[in-house]
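Structures are listed in the sections that come next.
Both complexes below contain chain A, partnered by chain B and then by chain C.
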Partner chain A sequence: MKEILRVEDLNVTYQTKSKSIYAVRNAAFTINQGDSMGVVGESGSGKSTLAMAVLRLHDEKYTEITGRAVFDEDRDLISMSQTDMDELRWKEISVVFQRAMNSLSPVHRIRQQVEDIYRIHEPKASREEIRERMISLLKLVNLPERVYDLYPHEMSGGMLQRTAIAISLLHNPKLIVFDEATTALDVVTQGQILKEIVEMEKTLNMTRIMITHDMSVVAESCNKIAVMYAGELLETGMVKDIFKKPCHPYTQGLIKSFPALKGGHHGKLTSIPGNLPDLSVSCKGCIFADRCDRAEKKCFEEKPSYKAMQNGRNVACHFAEEM
Partner chain B sequence: MSEKPYVSVENISKWYPYKGDKLINHEKKFIKANDDINLSIQKGEILGVIGESGCGKSTLGKLLTRLETPTAGDCLINGVSTKELIKNDMKAFRRSVQIIFQNPFDTFTPRDTIEQILLRPLKNHNIGNSKEERRKLCIERLEEGGLVPGEDIMKRYPHELSGGQLQRISIIRAMLLDPEFIVADEPVSMLDVSVRAEIINMLLDLAKLHNTAVMFISHDIALTRYISDNIAVMYLGKVVEYGKADEVVNNPGHPYTKALISNCASIDPDDEREEISITGEPPTPLDPGPGCYFAPRCFMACEKCLKEYPDKKNLSDTHWITCMNAE
Partner chain C sequence: MKRFICRRLITGILTIFIVFVLNFLLIQAAPGSPVTTLMGKENHDPEIRAMLEEKYGFDKPVIVQLGRQLEMLFHGDLGDSIIQNRPVGEMIAEKLGPTIVLGLTSALLALIIGTLLGVMAARKEGKPVDMVVSGTQYVFSAMPQFWLGLMLIILFSSNLDIFPSYGMTDARADHTGINYVIDVLYHMCLPAITLTLTLIPQYFKIAKSSVLQVTNEEFIQTFKAAGMPVKQIFRKYILRNAILPTVTIFGISMAYLLTGVMLIEIVFAWPGMGRLMMTAINQRDYPTLIGINLIMAISVAVVMLLVDIIYAKLDPRIRYE
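Entry: the complex of A and B
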């Protein structure tokens, strides 16, 4: 299978006046064509930072990004200039943000916004051509044609989110990043949109990164998962394996804190006590050791390296095999 | 039900007047946020209320705590009409009914310390003889709720605490006056996954410990099933299904509940569910029509559904729906 994105040893550091915050440390994962990877974690765990680094959307004056993110087997997104990056944006990589109501301009009709975006890469495109393209995409996300001539305020949240997804598909990108794209939506609308996304993927063979804090969204719509905690990827692998038998204590905790929809009760819900560690100090041992109930002396002293397990799973825990 | 319900909601309605096109159209219109709702909660019972956004869940919560005045109907607590209670003794009502809101960052005055926030209701309701006694009670309750050391927490300002801690204080504050009935309006939807379980378990334990009736409003079906004894499903201001939590989730009767559950994301990737899609957005509660409100989006609607609102139908002793086609 063709590799779409390979991230190696990615570090993102935010510089503030008094200190540096190590927001993402040593992240590594691979996404193949047709994959959908869910990135989950608590708020503040660096999920969005990771995605924004790959998209190069950070303010580079205050952010230091090191490592490699190889896109489409030959281009490194991290060392690329912003001008080259602009060539890729929308065309090969696009992004859908959490609140579409804020990511669309309120004073322009959808039509005007779509035309602007379309002409970035095809300046000579005619209005009819763009209209045709957008309307075929609107159909894909189950929206009526009239949406094309509306202002954002004339639509509901679900419609706007669908429109944003349709816009992200304008140039048929190879990779789409959904940054909490369904979080602000209603249960029913979220369910519908997730189904539509999965359907679309099958027809368009697109690749997707799904950033979310909701484990059930990942279970529902992704085939790969990366569990992030305090800037580190603790466990990556296939959704099926990880939900069945989580090998990292943090993943176990996350899964246990969600009640099951069907079947018998799986006992009392448990939470993970404690808070995220301070990201401005580097940690000697395992980053999760403070909150881990099975942490031993070794965990505080030695950083666990990734253990490769079956089906391409990687776990950063000293006791991964025993879980 | 043989036992007399502790909290009983009787035909409660809230209609908001609609000002829209008044110049052209002189007919008075109403948005029926809540329409003729009947529910009952036993002592120590947790009733979950689920539904899409805009279905009137929160309005119901506000009506029961009298933050909104109902257009019609009343809510009885232990056989006493809250309407009368409010007329006679506002303080007694506030003591017996409390609400927990969604966003813990907005519920506290940012300028007051937790101590000031917690002592105020105690003082207003003349609980405890001296400040020291009240303080002691607060610290006791804080530590009971897992906020240790209570002494230290009392000195903090809301911005110094995390969302999870604040929401716990919000629950503790609601429980301070030993209310008989608590409305929890989406208490965990703003919180992080890792602390959600903690808050839910705390609410569950406190409700059982003090034998309080709780109405838990949420859009998270899995969570509501976990915490509730009974579940009421709302659609456009009406309760369309009511029953034991497991019964409603595992064996939904109303097509809306079926669709809601089929669209809800599940934590189990192997979970196979019936695929039911609802098309379109919910219609406005302005004029939902004479028939079943859900009929225009329903997959099993027939002509009759569009003409008259279905009657209550019992599926079992504890489970009812309002749908004429479901069996």
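Entry: the complex of A and C
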């Protein structure tokens, strides 16, 4: 299968006047064409930072990025020039942001904004051409034609999020990043939109990264998962494997803290005690050791390396095999 | 929109009416009386006082006086000044022109310069340019208008002798046509500079903070992610969103400028509304004061209506139903 994005040893460091914050450390994963990978983790775990680094949307003044993110087998997004990156934007990689209510300009009609975005890469496109394209995309996300001439405030949150998804599809990109794209919606709308996204993917053969803190979103709409904690990917692999048998204590904790998807009880919901560690100090041992109930002396002294397990799974835990 | 304008006109007229009545009553409640001014300091003759009070109707109950004022107002008559014995309407008409010329010029200059500086400072935030410009703005916004006026007079009139220090025209020359316009502009330089310099900071601050705020909005990220050139994002999306608060500030500031900039007019002996009002207050010239207050109320109401209409055109989120 064709590789769309391969991230290798990605580090993102925020520089402030007094200290450095290591927001993402040694991240590595691969996404193939047609994959949909959910990146999960609690607030502040660095999942959005990871996405922004790959999209090169961070503030360059305060951020330092090392490592590689190879897109479409031959282009490194991290070392690429700004001009080359602009050429790639929306045409091959697009993004849907978290709060749909704020992701479009409030004083311009959808039409004006879509025309401007479309013409970044197709400066000569006619109004009719753009209208036709957008309306076919609006149909795809189950919105009526009239949405095209509305202002953002004239729509509901769900409609706006669908519009944002339609806009992200304008140039048929190879990769779409959903940065908490359904978080602000109610559960019913979220469910519908997830279903539509999965349907769409089948017809368009698109590849997706889904940044979320909601395990159920990953379970419903993704085939791969990357569990992130305090800037590190603790476990990556196929959704069906990991949900069946999580190998990292943190993944186990995450899964236990969400209600079962399809009715029935699977015991009491538990939370993971403690808080995220301070990201400005580098950690000698396992980053999760402080909160892990299975941690032993070795965990505090030695950083666990990725253990490759079957079906492309990677786990960063000394005791992965024993779980 | 039409219904909104009709409704706003009606509420505007009501407001003006209420302001008129309140003004009338408040002025009556204040100590002192125009009769005292007319009689002079040394004169305490109760007979003359009674005669004057009867002449101007001050012996009647307040409510009757108010009724008479309102009746006159409905006929478009603001009454006569007690002190100067001239129609108030004529006096105001004479002074309104100079005030509008000075106020409007300064307000427009301040709007343009302040907004441009604010936008520039926002784009260069934290850089030396921003620090110098922002620092200067703080100095000017902390400076009293009259003091700045006096300093400019000392520098440009007394020492350098470039600009005239008082008046609107050269009283000795009898200019007409284009020469008259040039003469007025020449005399206006110092007061306009003073006023503009002290008005700039409010536009500067609002433009800068507004641009910075919009720059951090999420939809700007969307356009960046789409690869839109920074210049286009700025011109089309940031400016359009950031300009809205400036309109409000301009409207409010305009409304108050039309009623005269008292201190500036006194410092530069500018024959405008501000000086007229100052004199009227000192002499307790009731009809003149009431007339000036009425003009103030009307100008505030009209400008606010205009601001609302412009705002509705600029921001589609505002619907006046």
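Just so it is clear, the second predicted complex is superposed on the first by the 319 of 323 C-alpha atoms of A that agree within 3 Å, B and C clash if a C-alpha of one lies under 4 Å from a C-alpha of the other, contacts with A are read in each partner's own complex, and residues count from 1 in each chain.
By our rule, contacts are C-beta pairs under 8 Å (C-beta built on N, C-alpha and C of every residue); 3 or more make two chains touch, one makes a residue touch a chain.
Bear in mind that the values here come from a model prediction, so they are computed numbers and not experimental data.
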item	value
Superposed partners chain B and chain C on chain A - clash or fit	fit
Which superposed partner A:V95 touches (first chain B, second chain C, both, neither)	second
First (chain B), second (chain C), both or neither touched by A:D214	first
Which of chain B and chain C A:G231 touches, first, second, both or neither	neither
Chain B versus chain C as contact partner of A:L55, first or second or both or neither	second
Partner chain in contact with A:G67 - chain B first, chain C second, else both or neither	neither
Touched partner set for A:P106, first chain B, second chain C, both or neither	second
Following superposition on chain A: angle at chain A, chain B versus chain C, Cα, nearest 10°	70
First, second, both or neither for A:D116, with chain B first and chain C second	second
Partner chain in contact with A:N275 - chain B first, chain C second, else both or neither	first
Partner contacting more residues of chain A (chain B vs chain C)	B
Chain C versus chain B - closest C-alpha approach in the superposed model, Å	8
Shared contact residues on chain A - chain B and chain C	none
Residue ranges of chain B in contact with chain A within the complex	52-53, 162, 192-198, 200-201, 219-223, 225-226, 249-250, 259-271, 273, 277-278, 281
Contact footprint of chain A on chain C as seen in their complex	217-219, 221-229, 232, 236-237, 240-241, 244, 314-317
Residue ranges of chain A in contact with chain C within the complex	55, 57, 85-91, 94-95, 97-99, 102-109, 116-117, 120-121, 151, 153, 164
Touching residues on chain A, where the partner in the complex is chain B	42-43, 156, 158-159, 186-188, 190-192, 194-195, 213-217, 219-221, 239-240, 243, 253-262, 265, 268-273, 275
